[in-house]
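Think of it as A, B, C and D in the order they're written, each chain with its own count starting at 1.
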Amino acid sequence: MKNRKLLMIPGPIEFEPEVLRAMGVQTASHVAPNFIKVFGNCLNAMKKVWLAPHGQPFIVSGSGTLAMDMAAANLIEHGDNALVISSGYFGDRFKDILDRYGANTTILSTEIGGDIALEIIERELKNKKYKLLTMTHVDTSTGVLINPEPIAALAKKYNVISVLDGVCSVAGEEIRQEEWGVDIVLTASQKAIGVPPGLALLVASQDAIDIWKGRKTPVSNYYADWQNWLPIMKAYQEGSPSYFGTPPVNLINALEKSLTLILEEGIPKRIKRHQKLAMDFRKAIQSIGLSILPKTDSIAANTLTAIYYPQGISGGDFLSGMTGNDIILAGGLHPKIKTTYFRVGHMGSVSENDLIAVLSALERVLYKLNYKFELGTSLRVFEEECVK
Amino acid sequence: MKNRKLLMIPGPIEFEPEVLRAMGVQTASHVAPNFIKVFGNCLNAMKKVWLAPHGQPFIVSGSGTLAMDMAAANLIEHGDNALVISSGYFGDRFKDILDRYGANTTILSTEIGGDIALEIIERELKNKKYKLLTMTHVDTSTGVLINPEPIAALAKKYNVISVLDGVCSVAGEEIRQEEWGVDIVLTASQKAIGVPPGLALLVASQDAIDIWKGRKTPVSNYYADWQNWLPIMKAYQEGSPSYFGTPPVNLINALEKSLTLILEEGIPKRIKRHQKLAMDFRKAIQSIGLSILPKTDSIAANTLTAIYYPQGISGGDFLSGMTGNDIILAGGLHPKIKTTYFRVGHMGSVSENDLIAVLSALERVLYKLNYKFELGTSLRVFEEECVK
Amino acid sequence: MKNRKLLMIPGPIEFEPEVLRAMGVQTASHVAPNFIKVFGNCLNAMKKVWLAPHGQPFIVSGSGTLAMDMAAANLIEHGDNALVISSGYFGDRFKDILDRYGANTTILSTEIGGDIALEIIERELKNKKYKLLTMTHVDTSTGVLINPEPIAALAKKYNVISVLDGVCSVAGEEIRQEEWGVDIVLTASQKAIGVPPGLALLVASQDAIDIWKGRKTPVSNYYADWQNWLPIMKAYQEGSPSYFGTPPVNLINALEKSLTLILEEGIPKRIKRHQKLAMDFRKAIQSIGLSILPKTDSIAANTLTAIYYPQGISGGDFLSGMTGNDIILAGGLHPKIKTTYFRVGHMGSVSENDLIAVLSALERVLYKLNYKFELGTSLRVFEEECVK
Amino acid sequence: MKNRKLLMIPGPIEFEPEVLRAMGVQTASHVAPNFIKVFGNCLNAMKKVWLAPHGQPFIVSGSGTLAMDMAAANLIEHGDNALVISSGYFGDRFKDILDRYGANTTILSTEIGGDIALEIIERELKNKKYKLLTMTHVDTSTGVLINPEPIAALAKKYNVISVLDGVCSVAGEEIRQEEWGVDIVLTASQKAIGVPPGLALLVASQDAIDIWKGRKTPVSNYYADWQNWLPIMKAYQEGSPSYFGTPPVNLINALEKSLTLILEEGIPKRIKRHQKLAMDFRKAIQSIGLSILPKTDSIAANTLTAIYYPQGISGGDFLSGMTGNDIILAGGLHPKIKTTYFRVGHMGSVSENDLIAVLSALERVLYKLNYKFELGTSLRVFEEECVK
């Protein structure tokens, strides 16, 4: 029976059963009173999850890339200087997006798996007048975590709008948008937010909105233009319907359910759960001689772990062995080292049970592929961490 | 018990129960073999539904407006001449979109509820060299149907790319994309396609793709750029995974189910069903003295009917009376006459039972609002048409 | 598209979507705290719906017949006199059941479609010392309604236990178990209770329990024996788990949801809704020359209507014509006249929309079968009644 | 987030998601052509799963106890001798049931956790003329497995009807009803059959049917009487509808789905899967010093394991610790030793992932309760067995 699989990729993830049920409910009219309430609840809950009480939330039909696109399209005008701090594939993508809207983009890339010193960023900010800076909280391609707080502070100091790509972090890593002064925090539904893919989510500060309002040129992307979406969001926040494009009613139903569960768990508790599971998982993985992609533990994400295949193990054999054990993992994504590592997502509804199942399947598959280690070690280590 | 409502707006509509169940299935990995097959099946089925065996289908997370945006963004370069044939709100929106990408857009508007003569279009095409022409098959705001075939033929004659906004028509009105030579036919999932909102759907001809390939300037909208999506679609069509943005797995599951049901019914039979129901419904409506927005029956859509409120009847009272009877209808949308009419969607899974329920509730509500007519008339007329 | 059917038989019926969703929830352990609460809520809600605040509710896995069997098996000992007041198939079945447990059963049958005079019942009660009397509130085979209140009063007067077969009435017809002094009111889930089939439901008075306790012989049916079930019900009422047989967890989940909806609507309002719809439907049916099985309107049920086929119309043709219109009706069930009539259920979530759809399909089918009447008449009459 | 629990009790179990979806489908009429087919498919599939090509299957709304009751009620007449081979709570229950129908029941009980010698059974069969013999394949209360084959052979030799209580074994333990000559094999839906609780399932040999036909006295249980159900089953097997009580449509939908999955996996492969997982699990459990209730490995079930709490560990603390880790286990059930052990179900959709999660949670909970053992041991042992 190969029907109860465990989806442990960095999004989509295992969704809570009640979230999936909310997906399958008979679609309401997008202007029906009950849906207006659902949409409004989502917008309000986002402000709580993002810790941005004065932020302007946006919920738009699209993938996470649309959220990135929306930030760039609305804030960049031709010739603006933009600074991208990249820790992998998605940092690099942000440069492509910004360039598309006419930015002169400078990219500060970390080494693969490495960090970037604040001094380097500050030097760059001193060096040139930037309008906007982007950073990837957790790069889904590498599992590298950056610390947004001091970078956002630098951005503030140099009067630069800061954009945090939180696709792989919102609701799984600590984010205090308003306290840290991040202007835009964006994400997608299918990650730690816990809702099937199809929603681009973003909260913008008043400063970001003001800069958009002060544009001299129109936004060169119609669908992403806040001019279309801002009145809609404001209307639903105030309990009235409004129409630009038909909202994805079923996904928004599911979002309401998942945000409710998130707030019921409580943000600090939820972040701590992610943190502890990730740490324990890394120790377990390392105990059988595997290495993780992030160079130090302090820059390893809570939400996913990228792990190098051991010498002599074929990625294809390994991943198909895992699938044969009903555990779905993801291959590498960073173009330069794609075939040398795999990724395990651990966010949203994830529990110790899930990670134990992953570790055990991983041990059994590696064993069959003749990797040398003592069976059971990673499980023992994981348990020792759990009971601490 | 007010839980079993009948959603009779022009999208979202009443979805088949099995489509809704497909929405709630545990999300698969977007690169899992079973999902690759589902996605590939959808792309192939689209070519059958669109009658475009050599077309290139696109399925992208977004609303119907994104599909319009995608057509404009990929095909228009700064300074291109574009001709919009507008029969309402959505025709006008296409002008806004084209302009955004630098087009010099000429708009040929019908009167509200009226048609436009082919000669006028041809005169315009002769008059100026156009690159692209758009037409709205059924304008959701007015229920006016145009005949795309001769307009597409004119476009071919004058070597203009033709774009058909089929948001309110695909799978409900006759469309023969390849035979008619329409370059792009676009739609959204939540209309006659029968899937909850969240998917922008489009089939492009090879000519359209070639024109895009020959662009001299980059597409100024990152998310909508075919450069991102074309390799993905081709990969899934060939049975391999590929990644640009995470596809909306659950919506695509639901799409596969709905396209299967559509092809099982058969396109000609399905169009005939829509046509007959719409005709019968219009006769019924008119039998109690109501008038429809389209000026003649020949330009009235199969998929929705826009109906003027009778003199002295308040739209708000009428619509809330209908809701009180568990029938959800839509208000007017055309800015100039918004408050004077309402709209009834009848597409997708719609049946005689649904329209009978609408007519009866409508009669009872009008009766209570003191509209003078003989109770039962529209039902009798509808039945007389049905049994013919 | 033949997937959205309207199920208008006298059970199972159209269930509320949220009740169906509760059916598909991942099964909980039958001793888990959350399920204990659900089960307890159901038992308490039953007392409210039955209007039997001091009654003992039972929820057991089985069909409605099991509920009848349970009443007979627990209360009858060999040689007991039982009186059955029968208005059709299910009254006759009660005699079979009682006889099985050794009762000397006397049956007072109404004519088909007719009533029975209270004097006849009282004469019989005077004539012989009965232990138990049964009556069928609404006989599902004929749609005949009896008035239980005076019969229950007679039973009390002559010190006889009264059992009301409410399979086709509970939550659709007025029942005041405690006020009327009915000892047992039993039903099944798939009727006006609004839950898929599989639950036998019953509320017993303290007198009934006492008589069972005072039995001299064991209950000759193991599964139905209250000795097995009473401690279980009491435990769940008090919030503790207890085990005899595994309860049908998913059905009980669905029952909790449906009983909640019933109590939210309110019993008096709900009964009135059923009553009005049934009356209007009968008038409509009769307006096109059809006759109903119950001889007078005062003994016609709220929950279903049995209707004779017009002369010359084949039942098979008629019913398959209705199915072709996505309306599922039931054929006759009373053995003596089975082929001469059909039945329409109208209970639970039923609305005017449903009955309008039934009437219209019925008119169109009869018309095609060459029945002579004026199209639209029954719809007009139904509407006239609705708007009164 | 405590919503994704793992239900590891000996029924109900973790059901396949598609089985649960089949539960929530809009209920069909029990006489609709599509449902007739579903019901017929279930009856035919049962004969394949039971390996009883000439058997008569029954599907009745009720719990597993109803299936036991049905066997007893239909086959026993007052004064018949019956022999019960009991290995726990459910064996003892069979005696209660048989006695209820007037049997003179002799019980041959194993020690708790022990076996019974064939000689003892044969001696008893020689000693007295028995009509019927029952055996519990796996006693859910103890996890003790008996070998039905030689006992059924003895029954045949002495011309005794044999009844196998397969509630905790059908579709999880090897059963060859026809080859072994077992007259009745009964079960319930919520165990290895993989369907939510509410269905009593049973396959009877022609001999059993003949003995029932030859009864001199009526069956003293109306609901369980084959006279009511046999014509129904035969009708649905032949593709016609028939009515006695409304079948539990949604459960039967789910049953069709689950039986299809079972036959797709293949019976031999499925039994081997259960066997291997159970063996590996027992070794793992024993490796950390826990003891299982069955005295030898050869009489330990495939479908569940009963395990003694280690000295000094409170059952309440242990089980609530497990629940706190989202793993739901069952306490003891055998009245004599109830508080000294717990039970883990592992049947149906169970996988290595599930048991690894159980073992790890169990280790962590025992560790916190100060049980002395080396963390990780049982996981290592389980893995070593898996990879053998």
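Quick notes on this one:
Methods note: a residue touches a chain if its C-beta (ideal position, glycine included) is under 8 Å from a C-beta of that chain, and two chains touch if they have at least 3 such contacts.
All of these numbers come straight from a predicted model, not from anything done at the bench.
Chain centres here are C-alpha means, and the one lying farthest from chain B is D. More inter-chain C-beta contacts link the pair A-D than the other of A-C and A-D.
Distance between chain C and chain D, defined via averaged C-alpha coordinates, is recorded as 34 Å.
Distance from the chain A centre to the chain D centre is 46 Å, each centre being the mean of its Cα atoms.
One inter-chain figure worth recording: chain A and chain C are separated by 54 Å, centre to centre, where each centre is the mean of the chain's CA atoms. Counting only residues that touch two or more partner chains, chain B has 14, 17, 21, 24-26. Taken together, the chain C residues at the contact with chain B in this complex read 1, 3-4, 6, 14, 16-18, 261, 265, 270, 325-327, 348-349, 351-354, 356-357, 360-361, 363-364, 367-368, 374-377, 379-384, 386-387. Residues of chain C touching chain D in their complex: 5, 7, 9, 11-15, 20-21, 23-32, 61-66, 69, 72-73, 96-97, 100-101, 188, 190, 196-198, 218-225, 228, 243-251, 328, 330, 333. Touching chain C in their complex are the following residues of chain A: 17, 21, 24-26.
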